[in-house]
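Listed after this line are the structures, all set down as structure tokens.
Look at the two complexes coming up: chain A is in both, with chain B in one and chain C in the other.
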Partner chain A sequence: MTIYSLYIYDRHCTCVYYHDWHRTRRPKLAVEGGILPAVSQAVVALAAETNSSTLTIYSSPRNTLTSASGVVVAVNEMNAQSAVSPLLQAPPSPVGISSTGLAFDEEVKLVYGVVLSLRNMIKKLSGRDEQFLNYRTSAYKLHLFETLSGYKFVMLSDPGTESLRFVLRQIYVGPFLEYVVRNPLVNMDSKEYGIDNEYFRTSVDRMIRGSSFFP
Partner chain B sequence: MTLTLITRRTRTLSEIFTWWTSSLQFIFMAIFGLWVINKAGGLVYQRSFADGLAQLTSNEYLVLAGTLHGIHAITSRLSPIPGQSSGAQVIEGETFKISVLLTLTGTKFILLTSPAEPASSIDVLLQKIYTTYAEKVMQNPFHTPEMPIRSEAFDDWIHIITLSLRS
Partner chain C sequence: MATSSKQYLTRGEELWKGRSEKVNAELFALTYGALVVQLIQDYEDYAEVNKQLEKMGYNIGTRLIEDFLAKSNLGRCSDFREVGEVVAKVGFKSFLNISPSITHQAPPVPTSPTRPTSTAQANSAGSSFSLIFDENPLAEFVELPEDALEGGLWFSNVLCGVIRGALEMVQMQVSAEFISDVLRGDETTEMRVKLIKHLEEEVPIGDD
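Coming up: the complex of A and B.
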């Protein structure tokens, strides 16, 4: 049993968080402006880093945190990425090869489109307010957990896995509430920033790696 | 009402005690419906067998079939690992699941069943339906390919085949 990736979407259909584990081939880097900042460092092109670092360091109040004061709680700027510990830094993705052949921002939209269509289809077919749980292909299985506030947790695992809804719920109840909802520095629902921060990422990573279905 | 409550209940339990519900699955078996989608995404056959899902108009079924056709194509491209992936084979909701058989010619057979239905028996059933389709529809000289199936023989055979699993 393997876990491949985790996507979190907010109610505005935008991806606010991405994390992957046993993904041998990462998606191509997203084009600039294709996804929000602070979603995942592994898939963002860092072109903006060089020219905007001097500008934004004063323009954003959040950057007071990235000084040498100690713990970084919310990293919301792309140019503040050097502050993140090397453990969390994903290995550089091989350029040019990806399993889907898609850039990350396009992949994110496709995943959302599939999830939303299937969710509506299940609702329509059942005639009730019924949730879409998962679907399976020969290569992977996609699981969905949707919160009442419209956040969608999407996880890709290998096709033999049982339902992982409880894991997604655990991520929501545990790390998400603790390090995103209760973190005043994370600008939720802003349409401008993702929710990625060091604590949340470490916590999710630990939870997944510690679970019984992780090899 | 009580039945939906019971099924809901077993659904939540099944996430905790999968071993326990595996013995219960014989109680909640049902086939809700069968669709046949041609290679262009048009619905050429639709039939409902049991209550439990919403009664939709034929237009709504056409739209849903088209959507499913599109989703099926996209899902095969979203694979996180290298190599070919099939499209979605099983799509699960809380009280029912959708099983898809894609044939080599691009025709899709879609079976809507209760979630406890074992995958092996669904595969067998879909293969049987495919065989019947080849014999009763494709071998019929009056049938136009890719057009809606209007064949009493096919209807009858589908009825007989599904009875074996429904009883």
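Coming up: the complex of A and C.
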């Protein structure tokens, strides 16, 4: 039973947070301006990983950018770099299959679209009281937890896992409340920024890794 | 899912007791008082102070609703009447440990011959409820000076903003305002919350 990734969407239909644990395919970096800053450093850090591992193959003066992986501005420059060399898309780490060809921002929009469409269809079919819980494919299971305030917590796990809505609710009541809602420095309802911050990320990580669902 | 008002009261009570970090009530009242005084000194116009308090309350409300939804685990309210019940009995109780009494008003009767049923009425735009506060923890030690009374200051206007902000996050656009205030010499402290409209859920922009 493993957990693959977590997406959080706000009520403006934008992805405000992304976190992954196991992914078979590395996400392609987002198109410039496609995602909001402060959604996930992973989109930038992944490129940094690939850079360091492929140093021998492809040395470039632009590798000095790895040190700037924490800065949002670097996303654009990383993009330019990865566009130049397709080698960087496939890191030699054990989970390194080349990406699905979908840029990260398109991916999050599609995930949101799936969730929204299923939810609306279910509401039309059976009325407001029925809730969309999760769906399963041969490769993964997608769990949804939605709050009345419009925040949607989406988690992908392996198909054998039972409902993770409880875990998502724990994330909402725990780290989200503590480090996002009660954090005055996090711009919550903005259409320009995500909610990624150090405390939130580490506490979500700790919570998921410590739970029984994680191997 | 008709939860009785008694159940709401017990829920509010439980939530209040379950809260681990509580603030000293006197410190709270004095801090709020200092805040209002500072605003008055900065703006020097009581209408503007009212507006600022409401705005601050709005920002608080947008976040407070998350805390409320997370802790109370309540589902969606079936109509605006229930919204009022929940706000009065669970909301105020769990955060401020007060239980304002509530009276509901149906929307004004239109002249059209085809009248909707009363349940539909309770949910339509224009319905409202009034909260009457017997005790106001914000105004514990407060006496308003002459020019504040003349200038039309609503001392606890932040509460109006909180309700407006919180309800906006759950798809309801409301207007909340004080009708009377004991600090101004009236008999009761009463806030009227009126539903303007239900907000539609946002759909993602289709860019294809």
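Please note the rule applied: the second predicted complex is superposed on the first by the 158 of 215 C-alpha atoms of A that agree within 3 Å, B and C clash if a C-alpha of one lies under 4 Å from a C-alpha of the other, contacts with A are read in each partner's own complex, and residues count from 1 in each chain.
Criterion: a contact is a pair of C-beta atoms (placed from the backbone, for glycine too) under 8 Å apart; a residue touches a chain by one contact, two chains touch by 3 or more.
Everything numeric in this text was worked out from a predicted model, so none of it was measured.
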May I ask you to decide whether A:R136 touches chain B, chain C, both, or neither, giving the answer as first, second, both or neither?
first
Is the number of chain A residues in contact higher for chain B or for chain C?
B
For A:C13 in the superposed arrangement: first (chain B), second (chain C), both or neither?
second
So, A:V181: does it touch chain B (first), chain C (second), both, or neither?
second
Mind working out whether A:Y112 is in touch with chain B, chain C, both or neither, as first, second, both or neither?
second
Once chain A of both complexes is superposed, is A:R209 in touch with chain B (first), chain C (second), both, or neither?
neither
Partner chain in contact with A:L148 - chain B first, chain C second, else both or neither
second
First (chain B), second (chain C), both or neither touched by A:V173:
second
Of the partners chain B and chain C, which touch A:K191 in the superposed model: first, second, both, neither?
neither
Chain A residues contacting chain B in one complex and chain C in the other 113, 128
Residues of chain B that touch chain A when the two form their complex:
4, 15, 18, 53-56, 60, 64, 67-68, 70-71, 74-96, 98, 112
Along chain A, where are the residues that touch chain B in the complex?
4-5, 20, 23-25, 97, 99-102, 107, 110-111, 113-114, 117-118, 121-122, 124-128, 130-140, 142, 156, 162-163, 165-166
Name, in rising order, each residue of chain A that touches chain C in their complex.
11-14, 109, 112-113, 116, 128, 147-151, 172-173, 176-177, 181-182, 188-189
Where on chain C is chain A touching in the complex?
62-63, 65-67, 69-71, 75-76, 169-171, 201-205
